[in-house]
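First up is the structure itself, then whatever we jot down about it.
Chain naming follows the written order as A, B, C and D, and within any one chain the residues start at number 1.
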Amino acid sequence: MIDNLFILPFTLGMITLFVILFIKYGLWISRLSKIDKLRIVQSLFSRRTLAAISESFMEGLIHRKMFRRHGLLGYMHMSLAFGWFLLIVFGHIEVFVQTGSFSTYPWIPIFFNYFNHDSFPGERIMANVMDFLLLFVLSGVLLAYFKRINSKVFGIKKTTKLKPGDRFAMASLWCIFPLRLFAESATAALYGNGGFLTNTVALCFQWVTPEVETGLWWAYSISLGIFFVCMPFSRYMHILTEILFIFLRHYGIKLKKQFNSYSRIQVYSCSRCGVCIDVCQMHIANISNNQSVYILKNMRDHDLTARKLYNCMLCGRCESACPVGINLNDLRISQRIKASKEYNSDYAFLQTLPCEPVVEDKKPEVIYFAGCMTHMTPGIKKSVVQVLEKAGVNYQFMDKEKGACCGRPLMLAGQYQAAQKLIEFNREKIIESGATTLLVSCPICYKVFRDDYELGQITIKHHSEYFLELVEQGKISLKKSDKSIVYHDPCELGRGCGVYIPPRTLLSKTGTVLSTEQEKVTSLCCSGSLGDLSLSMADRNIIKAETLKVLLKQNPDVLATACPLCKKTFVKGVDIQVKDIAEIIVDAME
Amino acid sequence: MNLEGKKQIWSSYQKEIADDNYYYARSCIRQNFFPASEVAFLRILREELGKNIFDDPNHTTCTGIGYHSDIVPFDTIQTVVARHFALMTEAGLENIAISCVTSFGMYTEILDLWEHFPEQLEKIREYLYKATKREFNIPKNIAHTSDIIYKFRNEIAQKAKYQLINKETGEPLRVVEHIGCHYAKMFPTKGVGGAEFPQVLSGMIESWGGNVVDYPERRHCCGFGFRNYLVQANRGYSVSNTKKKLESMKPFKPDFIVANCPGCAMFMDKWQYTLAEMEGVTYDEDGYGIPVLTYEEMAGLVLGYNPWDLGLQTHQVQCESLLNKIGIEYDPKAKYLDKNGNQLPIPESPMNLKV
Amino acid sequence: MIDVLIIGGGIAGLETACSLQDLGYETVIVEKEKTIGGHLNDWDTLFPTHRPASEVLEHYTEETRKRALTIYLNTYVISVKKQADGLFEVQTSRDVVFHCKSVVLASGYQLFNAERKEEYGYKIYDNVLTSADLEKRLKNLQGEFTTPTGVSPKRIAFIHCVGSRDEKSGNHYCSKLCCVTAVKQAIHMKQICPQADVFCCYMDLRMYGPGFEEMYREAQEKYHVQFIRGRLSEVAENANGSLQLKVEDTLAARPSRLQVDMLVLMVGMETAKSTELFAQSCGLECASNRFVKTKDHHIGSNQTNVDGIFTAGASIGPLSVFDTVNHAKSAAFAVNDYLKAMK
Amino acid sequence: MRNFGFSTTKSRTIDYEKIDNRLIRYVLENEPTFNACLSCGSCTAICSAGNLTSFNIRRLSLQIRLGELEHAHEELDKCMLCGKCLLECPRGINTRNVIMLMKKGLYLIESESKEKNDR
């Protein structure tokens, strides 16, 4: 039963949207791996779905993370998303109240005021509730207008540029609710069926004729229709993708090294909010074209240049700040893998290296892998060995003389297959040793050992964790001094592996650990990163200087870190002592 | 090229060359491959210039080839050289004229050694005496035979029947001069014009109407290199060096090459044939190769000697095109006649090199 | 009686004279050429700033004019005699005899004569220049830069250590300024002939002074000057007047062949012939590099073995403008000490 | 052609007229810091791969500058990209990027010549 043709734009728009969505979702899900699909089937009727629904509600409608970042920005997003959602829900309730049934044509709740001029029980309450919700949404629209004029008020320093499609969708979105207000007000002027808001506005609409009224409803419907059609082709698609992403994430689907359908879902989940732009340290060196939001855009548009792709420290600050929870580092690495897959090395020479014979009765408890970077900082290497000797640990030094790289630098550069060769080689050696613990003194190695090595029962420990254990077991005892220490979280150890507390606990046994403005998950990168292939030394130094400024604000006696690369990077820039945690432990050992 | 600059250098590298009464020290390679050049040299000196030169049947190789191939010890070669000095002394002569550039280098080096180490000279005197009961004086003047032709280049020019000029165009011929490495590279002061810009051959060429071509690799070795030629497996190295020179001179379109060292003349000539047969390349435009002359042959041609008497028919690269350019009259039929007018067998034609 | 006679009117002599005049001494400068300023007159720009040499020259002309210094041009010293009373009698070519209390030798250096490296073909191949020739060419440059044969160069090579660190040319020592001059000139050539490839063939690069290493790096990174570690062995001319160089690329351990349109020989500094003669005449000791030997290398670099004779500038060895001016200033103080003690 | 039992040898001379500069040009365009290389060899001395193999980046970069690409592929495959050289380089050259660019450039050159051969 079509009462009036003006519902057509809306209806057609909605049908188009649903068809496109159905196809997109279908394609994405069908392209997931078999295991991932199995995961979905298994989790569909479990608590995970509930958790996903809850998160979708909290993030997709309430915008909890956005609120945490900035109140006004959160409110703007919430009023638009949640307000609209409530409008739809209450629209249906309104119909239910009037007809006593939920089964009606989908356009009836949307254009309710046009179709229903009669009063019914509860009509006034419903009209006022709907007006209130409309006002709520309109406040968000007003803020959105204002944000375009002045984004700083919303805590955004830099914002993304809009494409024409986005502008079109945005313009139609901006029109929807004002037009709804005008249309309802016009109807209210003619029939007096409005609430507190529309009846008030209706005072200005006393002159309208039924033709004008129908015209306004047409405009409202058209703007809705346009928005629905534009939505899958504009940035607003992220809203619909993110929900799918949240569900898949809750179903335990993880990002693989290779770019796949799940990666694509993540790429399209980006809301282009620009949070990643602000947290990126590259701005300090005036590099403002390669932040994650731009990279994701380039990935969608297939125009990512090598220069941009490789010019990122992969520090992970954007990833931990991303309100959507996109795995930005791994996405970027997956692009590097794709870009360089044609030229991976097989490291054939590893097969010809002489193997040291394994002595059965001298099976070590711990196998220590120093890694390339630790070999460049003999102080760290010596200290680790000293602590192990002092604690009487039965250990084997895996790469004392000759050792292959751990593979993480290759992984960072996207040389995935090549990295696998090194991983296989090292894994065999580690497992052969019979040790139960793998000790590493470099977070770069630590990250790859944890993520990619599959070492089975062998526990992997960074020296800061392991030394803390030794202290707790009483194998070494430390003397506390009155020195103040600032601890710098290495990216790969902190954000990369989530190790924030053990180094601090350990350090607090040797001195006073001061906290800094940006630490733990928000800590700054030292700039030495192997993740970046093309950042110049001059730019690295600029970034490093800023990091040091934050770290040294309180004039600590010692700048502590737990990464040989961070140490080497910092040591060239400061006058105060820069020490690895291992060196500090050796100094404090009794 | 700034000629004034060259002259500046030449002026500081002029050596004394004896005027008359030479003892002729012959060359192994020259007498085997260019015997007519020796004859021509003696004829020029005796008949054209009226000089006294003694060609001694008793003298031998200097053993330079053996020495440079590491099979003759230094003491041995010194004693052989001393014997030649003894022969010279016995002939009542004081000036030695050496036909071979390698011999010239050896003699010069040995004399320099004796000057710095007189005890070595005494030792050699003793060796020679023990072996041959001969005694010797150190020569007063030592010259390469090309030095002597250089010295009398203007006299020869006056008697010249032909000039090194293209008869048709009237342009001077473009001549590549190649100086043997052992001529002046060890002792620049012992060569006319020094080691970098030797004058000995360019002096002759310019006096006789030609133009010298200075091409980038002109200082490079001809490729002989003794050991590198003598062992077959190494010959690739020898010929590669010659190729380098030929490639470098090719853009200058030389009309002919002239060398003062018999070995150089031989290798620059024969290797052109080898390169043509092996790789199908020649370094002139028409596929005949660049004619190579000894300076004696060049002087002989200028003086109007019969090209067949000068032995040009024994070269690998045929010289008729050059003779035609200069306008030298010759009898093509007489090319392969012996001195009695009997026909000699005609050599087979090479596969690639045109004759 | 004049206080100080200064031999040489280059920047060393002028700076010494100005400083001494300011200290209240009466000075006379004797200069054999017809102008003051010495080698600086022939130079276009100075390292490491690329400033015009004429600016420095103008500075000294102005200072000289302000102080009205006494300068005898076209005059050279014939003999210097130290008399029993410690005073000096100086005979000059002008038939003038000066009596003075002390003498400052500021006669500088001369450039190595590149003709001595015959194999490089200087004065034989038209497109072989010395660094000094290039400076003159640049100084008088009008319009497009061309090689002596009138070609716009596509490839240029600079040869370091010509007549320096070379026993064969009689100079075993390092002239220390040629490396940085080569880099300066290479940059200059790249600036005016951006299409040209520029090579520097060096034995070692000695970028000892402030700003030098930066310049070297700029030459590499910004101007893409290519540095070949190897010494030129010989040069030959091609049919078109371009030159063929033979240089071993010692890092690759292989001979290399390079065709260039212009070759610049970085000639080193030698003691001036006149300084050598002067030193002989008055018994000045010379070092093994034939420059005048200083009394104490570290704390007496202006004094000589003859009391009352001092040195200023490059008569003691290769010095840059920077070094020369400083050495000349210190000469003034050394003379001041000496004259005060005399009183 | 005739065989005399010997043949001319390829000249060892580096001829600047004939250098294949495709790879070095590609690397320098994308990583200009590589221009500043002094060939000091500290990269090679510290190299992890050099500790296990004959890998020598200093030599490799010289060879590539001279356009000698025959062994480049094999050599580049030895690098583990660990980054020690990056920390050691006195001229601040992004050595890891240089290696990656060499690999990519070589791949481009190889696939280009393959394409030509296929045609």
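The criterion applied here is as follows: contacts are C-beta pairs under 8 Å (C-beta built on N, C-alpha and C of every residue); 3 or more make two chains touch, one makes a residue touch a chain.
No experiment lies behind these values; they were computed from the predicted model shown.
Engineer: So which chain ends up in the middle if you average the CA atoms?
Structural biologist: Chain closest to the assembly's C-alpha mean: D.
Engineer: Centroid of chain A to centroid of chain C, CA atoms only: how many Å?
Structural biologist: 65
Engineer: I'd like the Å distance between the centres of chain A and chain B, where a centre is the mean of that chain's Cα atoms.
Structural biologist: Computed value for the inter-centroid distance: 85 Å.
Engineer: Taking the mean of the C-alpha atoms as each chain's centre, how many Å separate chain B from chain C?
Structural biologist: Taking the average C-alpha coordinate of chain B and of chain C, the gap between them is 46 Å.
Engineer: Would you mind pulling out the distance in Å between where the CA atoms of chain C average out and where those of chain D do?
Structural biologist: One centre to the other, that is 41 Å.
Engineer: Spell out, as numbers or ranges, the residues of chain D touching 2 or more other chains.
Structural biologist: Residues 33 of chain D touch two or more partner chains.
Engineer: Which chains are in touch, pair by pair?
Structural biologist: A-D, B-C, B-D, C-D
Engineer: What residues on chain D touch chain C, complex-wise?
Structural biologist: 12-17, 28, 32-33, 35-37, 39, 58, 62-63, 66, 91
Engineer: Help me check something: in the complex, which residues belonging to chain B touch chain C?
Structural biologist: 1-2, 4-6, 8-9, 194-197, 214-219, 251-252
Engineer: Given the complex with chain D, which residues does chain C contribute to the contact?
Structural biologist: Residue list for chain C touching chain D: 155, 217, 220-221, 224, 229, 249, 251-252, 254-259.
Engineer: Mind pulling up the chain C residues that touch chain B in the complex?
Structural biologist: 115, 118-119, 121-126, 234, 236-239, 244
Engineer: Sort out for me which residues of chain D touch chain B in the complex.
Structural biologist: Per the stated touch rule, the residues are 1-9, 11.
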